[in-house]
Amino acid sequence: MTHLAAWPVLLPLIAGVIVLFARAGGVQLQRMLNLLAVSGLVVLSIALVKVSQAGTNEVYLAGNWQAPFGIVLVLDQLSALMVAITSMLALAALVYAIATDTDKKGAHFHVLFQLIIFGLNGAFLTGDVFNLFVFFEVLLLASYGLLLHGGGRLRTRAGLHYVIINLLGATLFLFAVGALYGVLGTLNIADMALRVASLPQGEVGVVAAAGLLLLLVFAIKAAMFPLYLWLPAAYTHTSAAVAALFAIMTKVGVYAIIRVHGTVFGADAGVLAGYYMPWILGLGLITLMMAAFGVMAARGLREQVAYLVLASVATLLVAVGLNTPMALSAGLYYLIHSTLIAGGMFLLADMISRGRGRFEDRFESGYAVPGIILVGGMFMFAAVAMTGMPPLSGFIGKVLILNASLDHLWSSLILSVVLVAGFMMIVSMARSGSLLFYQVIPANEVNHSANGKVGTTAEINATGEPLNRISMLAVIALFMASPMLVLFAQPITAFTESAARQQYDNKGYIESVMSTQPLQERSE
Amino acid sequence: MLDWILAALVLIGAFFTLVGSIGLYKLPDFYMRLHGPTKATTLGVGAILIASMLYFSFSTDAASLHEILVTLFLFITAPVSAHLMAKAALHVNIQQVARTQRYGDLHQWDKPSE
Amino acid sequence: MTFLSSNLPIVALLPFAGAIVAPWAASINRLASAWAAAAITLLAFALLAPSMAMVFAGETLVQSWSWIPAIGLEFAFRLDGLALLFAILILGIGLLVIIYARYYLYTKDSMGRFFAYLLTFMGSMLGIVLSENILLMVVFWEMTSLSSFLLISYWQHHADAREGSMMALVITGGGGLALLAGVLMLGNIVGSYNLSDVLAAGELVRSHVLYLPILILILLGVFTKSAQFPFHFWLPHAMAAPTPVSAYLHSATMVKAGIFLLARFFPVLSGTPEWSWIVGGAGLTTLLLGAYMALFQHDLKGLLAYSTISHLGLITLLFGFGTKMAAVAAIFHIINHATFKASLFMVAGIIDHETGTRDMRRINGLLKYLPHTAVLAMIAAAAMAGVPLLNGFLSKEMFFDQALLAAADASPLMWFVPLLVTVAAVFAVAYSLRFIHDVFFNGEPIDLPKTPGEPPRFMKIPIDLLVITCLAVGIFPAFTIAPILAVAVAATLQTSPPQYSLAIWHGFNLPLMMSIVALALGVVVYMFRRGLFAWYDHRVDHLDARIIFNSVLERIEQLSIVVTRAFDKGSLQHALAWIIGSAFVAGLSGFISVSAPLLGHRELIPVDGVSLLAAFILIIASIMTVVLHRQRLLAVVMIGVVGLFASLVFVKFSAPDLALTQLSVEIVTIILLLLALYYLPQTTPAENARLRTSRDIVISVLSGVGVMILAMAVLTRDYMPISEFFLANSVPGGGGTNVVNVILVDFRGTDTLGEIVVLALAGLGIFALLQGLKLHAPGQDASGLPWSRDNHPQIMQILTRLLFPLMLMVAVFIFIRGHNLPGGGFIAGLIAAVALIVQYLANGLLWTDERLRVDMHWVIGCGLLIATLTGLVSMGLGYPFLTTAFTYLTWPVVGKFEVASAIAFDVGVFLVVVGATVMILVQLGKLSDVSHQQYQQHGFQRGAK
Amino acid sequence: MEWLISLVIAVLTASGVYLTLRARVFPVVLGLTLMAYGVNLFLFAMGRLTIGQPAIIDSAATVYSDPLPQALVLTAIVIAFGMTAFLIVLALKACGELGNDHVDGLPLAEDKLPAGKSRVGETHNPIDKSQRQADRQ
Amino acid sequence: MLETVLPIAFALLGISLFLSFVRLLKGPDLPNRILALDTLYINAIALVVLLGLHLGSALYFEAALLIAVMGFVGTIALSKYLLRGDIIE
Amino acid sequence: MLKNFYTRLLPHPVLTVILWLIWLLLNNTVAAGHILLGLILAILIPFLTSAFWPEKVRIQSPLTLFRFLVIVLWDIVIANMIVAKLILGRNDDLKPAFFDVELDIQTPLGVSLLANTISLTPGTVSCDLSADHRRLLVHALHVEDIPGAIKHIKQRYETPLKKVFTAC
């Protein structure tokens, strides 16, 4: 009996409970425990990625009940990958949160942090649609807490919108799952796929409708047009560490589409095979354009990064919508890149914002950030990576996707949109960088107001915080992912290819889920 | 015989429940309406519960007395509810029919905050 | 692997390493970074040198490694004549520029940064020319855009440097994206991104339907990079860069990258009318425009910039002719232009440095101040003008020849090509003359910031070398340039090169006539310069590309703002309406996308009177909640009705567990709403937007209809649920007769675990949310009536205390029987929580808290711990997480009873529900400033941090 | 009966949707609550309607209602409760911090956009200062 | 006999529900409505017990018990709201 | 010492007995297992909730209590019919009244139970308790003779209750 597939879920849960009890021991103890747990998770998830490379679906029958009756956790290359990205992102976000004392600005940061990982990993591993709903709710509620952590007016309002939209999303989820159960009579993804494959013609309409409804739910999470309105404000106004962690949130939506729709409405689904794909592709392209507009219209760096995240998830949707293993592989590569870099970029935006004092992250001429060369260099690095310029991973990812789109019917449209959007983002990022790092108020003007008087203490205080080495380390660690992705493009794309092929191999998935037998000798 | 008793109890219960609601519906002011539900329903629900008690005690091999508990609950809670509702009504100075008699030193009750 | 099989990537990547070394060196010694940069360049050259012999022997070197095989992106490098020619230019002129820059840069300029940028750029350029894989080439291509951005914006405190760099990045970077698209499509057609394959597939490409799009996309890359009309305007603005940068970027490298690409793809893409028209047209226009504009620049570097544009146009036009001979001329002119233009820029930099200005109207008569420099400048300018015995003359003659040939070969209309070419040559002569005469002669300098003098010796050595090259090539072409030109041409054409002569004298032919005419007319034009300048400067319709560029960008930005804000209004309702609308569309399109009947044929249950009535009440109550929603308390009462009748629906349709849960949750929700309502306005103000109200009514009715259809579509059909398994296995496998409960704690225990985590999170999240939040407690109700002073009516107090143990007993009862009969941990937890809440309600926070000395954090934690441990124990026993076990024990007196691990799990559920619910409600209760005060007065701070 | 229950679900959903689209947070909460009732009934009904056949194993019974949707609804009810509770508290917090219970984007006057103003020339920016300060403390 | 009487009883209870609901709609004020809601709860108890009798199932008893408990809690919470605004103070 | 232990363990013996009975009622059983479990719970719950019972409840005269309960039940049945007639008849003829009842009974539990009894018996509802807990405001649906009604309440309900629940 191997519990491999269960540990990514159990570890954060246990850690969360322990951290809750450690509340009495003070925040330092909680920090240590949290760091320990997340580091452990990083190690574990890397091990899982290795294990998954064998190409088998590691099926775990929770409660020892056979699928489709019990809930199964399925560890395959895709879910292992998602778990690994999550843990790495989480580690960096946590280090940053600790370095900047974000965790001290409210109660229960560390508990929420562990439990959001619990929710995320659960969502990545579960093989059951309703269980997916439950894990979604777990990660959402934890995300509400984290999003609002620290308080502040705009954060509260953004949080309010985020919460309400997600509540509506949860309602829609239940409608969709309910209708699917009402026709198919099952909740297990693999079993659903089996039943859709043998669905009588007369029943197809309901399933098609429910499937699209479910797609919509995932699309809200994935921030697909026209459902992404929760994203910009939420990402802009939350604390940096949380925003960084949230870089994975949109990917959960995309993942769910790949997992649920990809399996249930896979090649064997008759008339329903891939029927949802044009929606993803089309709306993904629109999202990309809207994101590019947003990047250009942003009023501050964090808002801009939020739209960059939107753009990255749109690109990902395009890759998924192309509906080939090759495109999916490209998408997965892009997913790794965009999640880690976007996370780092939120942290960097915060560092810049802190360094610029009262100018914060606004796009206006302000004080120079302490360590401007280093920070500016990191900004340029991130901008290059995020906008998909060579030689960093964004470019490779984009080329992989575009290359996969060339034989698609809409290839010219896809090429145009991706490149035009990329162009707009390059222009925007160049302007922001120029404003933030080039157009600075010279140092000799910093401490003196216009009439030559030395500024008040408040003014000097408003000129920004010095660089924090540890938070810098967290950012650099995330950014290092980009060159790594380029250098090790061959093994990584080999992995994503294999993962994508495994994803498209529905028969294999169904077979392994449905045939895994529970342990005998239950209660005597 | 049991059947007849059951039928009678059920009818009585339903009847008194109805009376309570009729009272609620047609009595002229809040305080008078208060009497309908809090009383008629106690007997109404009570009778139906007794019917249930009898029915299940005899239809199965074991006695079914747990219905008493609902009655017990209602007997404790219904007056408290009524009391609080009346208190609230007095507090917000809800109108009462003009013919309401008043006896005793009542002026202080009219002021809701004693 | 021998060194020679991997020297190309090392050559290309070495400068990148240098980009790290240079700043490091600068941190030790400022000048050390210059020497490091020079050393790196020399080293790269040295590493390249061993391969040269093979290239001159006509071989093409390819060194490749697999990188991303999935898409055919290989780490592949290639050295042929063309690549070698460019590599030599890049490294050679690069070295000279480094030497020059070492003297040029001001002491306050950071040398480390400068050389880091420069080397990055050099590496990128080498990458372009040495790439065998065209995707790899695009990588380097875009890196030149990025590094040139850094170089141009090197003096970032200058607004024009920021603007110029931005313009260069936007134009060339954008062109790079087009190039990427073109290359991707090209590779897709060919089936490979390897240059060798692409070069071999010319026929295939040119006959493909996508030829024109590919051509246009690639040419967009070319034209933007090499500043062809209408993308030429970035180049003059890039003059804000330090002059060494200009000398490098605009002679041999950046702009030549576009030209290089034309040469590279020449065998694949040329030879079609489309090619000729587009490439030739752009080249001719650029040639003329650049030459014309150059004359009128008063800025020394501006003149050189437009002259560069013009010469790039010339080369482009040559490639546009599409003939082999034209290609020879083009390659030749690439070399010549690189040499004379680099030297001219360096001269301009010296003048700028020495005089403090670049305004030719102020700079006069420098000959006596800078005699050496003046000589160099004059030779180089003469080469630029195409004066015989200089290299510019040779290639220009070839160019004239080709222009004439083109006119002869093509349609009669083409006669204007030689004519226009001559016109351009006239202007070239004129502006070259101006560069010489206006600067070094023409009287005395006016009002110079500095008194000029000869620069350091070593600053002129690069110029010396370049000018010597101009002369050497111009006089002894066959001994100097011929070998490299030959292999470069061969590599460009991918076939044997045509016969051509590099002789200085070809007799009195038409090209020579054109040269003579150009020289003569050029002098004439220059003589009339004052009038021309006056005319030009007072022309009203100045086409300032910068203004256009900025306004286009601003338009795009305006559009972005309009689009973004139009969609993202920051309004929640707007977002929700989109989601609901999308849901309707999704459902609808799902139904209509496939042809299947809406409803099935399942037999339905007849309606009875009481159900009808209950449904009626439920519906009316729901609608009344909407109608009365502005009177908030009333709406809460209505919600109460809805909740009650929803529970009755569950009772009616065989779901007692649900009814119990719904009832409990319902009441807790109402208490929550009341707790919140206390601090909120008691009424909702009317919304005066009729349009929105009707829109919302439409949306809600549609969603209602949609849901109804969906529900009926399912309910009228039969299905085969997996539930048979649960019914069959509940007792034997789960040890309980209440199947719903067994599903919750056993079959689908993972769901329940997640669910209690949600509840725990709600409790903890709310606790965190309310930390430090204090709300003003209104002293009166909405109508102005002060609150009753009897905060805890005694009768309620006494009787609810009486109820407390009773309710707890009921909770235990519901809990214990849950496994077999309706009930379970959830419902029991809710009942216990309600029992506690009632105590708070009746007796107040202080009283109850004093008696309930349990921190709800602890309760929640214990609950989660117990539930998790239950699962872990099964793992300890070798079973999967949350595997349950149960057994029947028989004890004396007690008799037979069941022990199930699921019960332990349910205890966890119970505790979490109690803890979270109580925590939520009590935290809300403590919200008012009055409660806060009371707490502080009593020094009673437990549970609040 | 199926038509009736569908109608009920439809009305609950429609009412919920309408209230959710109001501009104040309290009606929105009511709307979401109504919608939760609607969707819970829907999910429940997906197990088909049966009268007098609770899924409690009994030697006398042969037919049972589908227990699975009931278990799901139970979970959904509890989750919805947690979510609603959180929302209500958040609404209070928002009310306390923003000074009203609007949920529309309008009330924060200072983050009105300078319409059509290019960001390059923009000197004033609407990003809330208090937010940063809150983070700094 | 019980079987014949039950429909009548259901009908009577139906009328009760209806009348209580009408009062709830008519009000005219909050105490009246709270009273009507309380009555609806009491009616519901009777209805549930009657349903149990009708179906011959004891499984509905807890629902009746819980309606009694929860109805009470709802009523006192609403009343206390009218009295004090702050129901947990 | 031992007695102290017992009072801590069994703070409210009456309650324990009642809860034990209730447990058996709830489970409709007298099986040995439930008798034991019920006893455990009946001891445990009062023990855990003893803090919520500030004053001791001492029932002085169980027989009086029993007789009182019977009377109340009887009154409820009779009055129900009377009230039913009143409700179904012409409501315009009803003579509603508010009146004060001066309380002799002092223990909070006694007062509460009296108020409860008044509300339970049809026709009267106890509406409020004065701040000094000395007077009870009663609303009657229909009274001809208010002093008589007050006297009736005091005699029939307050006296026995006072006898049963006296402060110790």
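By written order: A, B, C, D, E and F. Residues from 1 in each chain.
Methods note: a residue touches a chain if its C-beta (ideal position, glycine included) is under 8 Å from a C-beta of that chain, and two chains touch if they have at least 3 such contacts.
The structure presented is a predicted model; accordingly, all values stated were derived computationally and were not measured.
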Co-neighbours of chain F and chain B - touch as defined: C
Pair joined by the larger number of C-beta contacts - C-F, B-E: B-E
Rounded Å distance, chain D centre to chain E centre (Cα mean): 27
Whole-Å gap separating chain B and chain C, where each centre is the average of the chain's CA atoms: 70
Separation of mean Cα positions, chain F and chain A [Å, integer]: 61
For chain B paired with chain D, centre-to-centre distance based on mean C-alpha positions, whole Å: 36
Interface hub residues of chain D, defined as touching at least two other chains: 20, 25, 28, 40, 42, 45-48, 51-52, 54, 56, 68, 72, 75, 79-80, 82-84, 86, 90-91, 93, 103, 111, 119
Of all residues in chain C, the ones touching two or more other chains: 557, 561, 565, 570, 572, 574, 576, 580, 636, 652, 656, 675, 677, 707, 710, 714-715, 719, 721-723, 726, 748, 751, 755, 758, 761-762, 765, 769, 781, 787-788, 790, 793, 795-796, 799-800, 802, 806, 810, 821-822, 924
Set of chain F residues in contact with two or more other chains: 22, 26-27, 115-116, 126, 131
Pairs of chains found to touch, sorted by chain label: A-C, A-D, B-C, B-E, B-F, C-D, C-E, C-F, D-E
Chain B residues within the chain E interface of the complex: 3-4, 6-7, 10-11, 13-15, 17-18, 20-22, 24-25, 30, 33-34, 36-37, 41, 44-45, 48-49, 51-52, 55-56, 59-60, 64, 66-67, 69-70, 73-74, 77-78, 80-81, 84-85, 87-89, 91-92, 94
Residue ranges of chain C in contact with chain E within the complex: 609-610, 613-614, 617, 620-621, 624, 633-634, 636-637, 640-641, 644, 647-648, 651-652, 656, 659-660, 663-664, 666-667, 670-671, 674-675, 677-678, 777-778, 781, 787-788, 790-791, 793, 796, 800, 807, 810, 814, 821-823, 827, 831, 834, 837-838, 840-842, 844-845, 921-922, 924-925, 928, 930-931
Chain E residues within the chain D interface of the complex: 55, 57, 59
Residues of chain D touching chain A in the complex: 20, 25, 28, 32, 35-36, 39-40, 42-43, 45-48, 68-69, 72, 75-76, 79-80, 82-84, 86-87, 90-91, 93-94, 97-98, 103, 108, 111, 119-120, 122-123, 125-132, 134-137
Touch list for chain B against partner chain C, complex: 69, 72-73, 76-77, 79-80, 83-84, 87, 91-93, 112-114
